[in-house]
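Two complexes follow with subunit A in common, the first pairing it with subunit B and the second with subunit C.
Let's turn to the complex of A and B:
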């Protein structure tokens, strides 16, 4: 039966010994990220994030639905995570694992509860029609730090997504195709990201962006979500050994710095993508002239 | 000496390149990656290098596949998962079922002197039997001589993952000539270390300190991932040694 590859006693001892000497197995500094690569699909709202060997793909889609009866002015935003067996032998089809719940709850708190997406802006006709926005997160390869990779992919996809333009005339709703009117970006109020910190030696040592092996050897992890403005959206420490309050404060400081760093990476990726999509206005697009 | 040709899945192997043994009674042996379609067609099922051994009248396809499937006589590095009355259940890869390691399958082990392995211990073992329908059985000694021949519990050190092709090349008798690997020989000139290569894509390294152990492991992984030739490997190792 497939299962998670548990590190052996030797591996565990070696990882801890190396960390004691401030060495990480891949030669990174304790607070360094692995290589981050963000790419977008041909359609709007598909982001593929590679964080070292961890790979997450998020797809945003929108459909029109009826709002919840008690929230007539709010659109719907759902996050669905999918941990397929191709990512790790520990993942099974059709069974919701703890990791899956953990992941979607953290992302939900980070994005929805912090009001990063204003659900009111998704309302079309009060009480009747709203946009139902859905983020499907696919874990393609699991090599540690899924939370950061998933939050990067989801934020990048949300920021890149364009929702169809609509208008209401005489109580009648019209949804325009991309040919009739350019789709519009989503109303995002701020851009939060999650950072995972794993701690060792009773919280004395913190590392950022742990690989799966480091994660398995660590005493516990703290997830901090914040936006580049330095506003903390979530601090979560589920299980693991106890840590000092000051350690948590330090973790938040480190995380905010890292969020700024990652925010810039997302900005750069989006800029590159928009440059690639921009063909130079409608006249350039309609022109039959081509480079010979 | 084996000669090599590139084959693709579904391609037929031309009868001209089949080995010509001096002994006409010797049957042709088909190794991994080949399929016999009666009466006399041989097709390859994977892409890779077709290797031909004239002396043994054997042909097989070598490719860098991703998943390890236990084969008899393979040397592997496994982790003890749990122990039952007579067997240790060991994990070879996370995908396969547990392999059974009899508690007496060690050099000179008797009921009273058998080694005590905890869950999570690393062992270097040989696959005794492996089939599709039963759990593989592994042993830590050579049944014909009763000697351990380097197998047994691996103490200390660190395990690194490498590709299966790399593991096979490392296990060749002439690493530099046949396998095209110079990493270990180069490092050995400067740093002393112990190494055990598992056919399941794992290599165990033990050296004086963390830095030295990491040097060996990372040099192997780099050479593997980047697909370096002998010259480039030598350059890589020199650069890495200078950094340490």
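Let's turn to the complex of A and C:
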């Protein structure tokens, strides 16, 4: 079974000593992100996020399904993450790794449990037909901080996705093709994102957006999910060295600031994409929205 | 039209991105790595192929794995009136009477044929000629009808697309080898 190569003792000492002097190997500040590039596909609901050399692609798709018998008014939203050998030779096909479980659990809590996507809005005919929404997360390149990259890609894809319009007349459900009626955006109640903070020196030093090497040298990590309004959706610290409660509070503070920063990046990318799709300003004419 | 990028991924040993007609495929190759016990053959290499959405072309070239040849493949559908349509869309496929997948080696030999639907031998010959033209370029008896080879100028041959992508990558990787004099010219 292949394994990720560990950094050598020299490499580790080098990274740690540099961090002691507040220097990161790529010259970033301790709380700076790598370059972020968000691009969208030709179809709705495909977002490709590059965070430095880490690359994640999310695809949203929807189909009509029967709801769970105990949740008749709720649509279905599933998140599927798969770490393929595309991302790193250490990943195997068909074997679920711990990292994969960790990743999908965090995203599930961030997006579903925080009610970011309202599953009730996906209900079509109560107890019979609901939208089954699926987010397929493809990790293409694993160079550290997968959690943030995956959450960025998924949020951007969800915000850009347009679901087919439907109508119900006399109990009969009609799903319209994009030619008949413009597809509609999903009902997202808020836009949460995840930030990973890796800590060193017994939690005294925190860095944002660690590369794979920094991640391997760190004492542990804290994942914080929050929305740009400053509401925290999740704080997770799985394993690693112990940290002071106050340090954790500080981490949450830093993370909320970073979420705001990233939220703006997503906003800008979406704006650029909608401008590109809206050739000749057709959408303003077709839109039924009015200024209040 | 068809577009190839080599090594778009950082962690895989070799990778390629192939885009054509709105479809995009990304492929990666890792090796040599430890083989799974059940696939192990003491004197031979084991190749494990995992397909997620679709198949791709060209990744082996960027992993510097010695190959005895390269290969290209294409999909062709036959319309009801007997017309041959290369790179069919989803609608074309639904309306087609038969569909064919053909793969050619870089020597122009036919490697794989998979045909589905109802067709005559004549139709298949037409499909074969078209596929060969797309993948390999020249027709078998290319000196015979020059107007046909003129036609094919518009179609980019897949093999050439592949060759071009590799040439560009090698040129970029070996730019240090270029002497300042030749770089100036």
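Observations on the model:
The working rule: the second predicted complex is superposed on the first by the 278 of 292 C-alpha atoms of A that agree within 3 Å, B and C clash if a C-alpha of one lies under 4 Å from a C-alpha of the other, contacts with A are read in each partner's own complex, and residues count from 1 in each chain.
Everything that follows uses one rule, which is that contacts are C-beta pairs under 8 Å (C-beta built on N, C-alpha and C of every residue); 3 or more make two chains touch, one makes a residue touch a chain.
In this text the structure is predicted, and so the values were computed from the model without any measurement.
When the two complexes are overlaid on their common chain A, residue A:27 makes contact with subunit B while staying clear of subunit C. Applying the stated contact rule after C-alpha superposition, one finds that A:274 touches neither subunit B nor subunit C.
Contact with neither subunit B nor subunit C is seen for A:128 once the two complexes are overlaid on the shared chain. When the two complexes are overlaid on their common chain A, residue A:142 makes contact with subunit C while staying clear of subunit B.
Of the two partner chains placed by the overlay, only subunit B lies in contact with A:18; subunit C stays clear of it. Within the superposed three-chain model, A:89 lies in touch with subunit B and with subunit C [touch as defined at top].
Of the two partner chains, subunit B is the only one touched by A:9; subunit C is not. By the touch criterion stated above, A:55 is placed in contact with subunit C alone, subunit B being left untouched. In the superposition on chain A, the residues of subunit A contacted by subunit B and by subunit C overlap at 1-2, 89. Listing the residues of subunit C that touch subunit A in their complex gives 9-13, 15, 22, 24, 26, 28, 30, 33-34, 48, 50, 52. Chain contact summary for the complex, subunit A toward subunit C: residues 1-2, 41-42, 53, 55, 82, 84-89, 93, 138, 140-143. Taken together, the subunit B residues at the contact with subunit A in this complex read 79, 81, 91, 93-95, 97, 118, 120-122, 154-159, 204, 210-211, 213-214, 218. The touching residues of subunit A, counted against subunit B in their complex, run 1-14, 17-18, 21, 23, 25, 27, 89-90.
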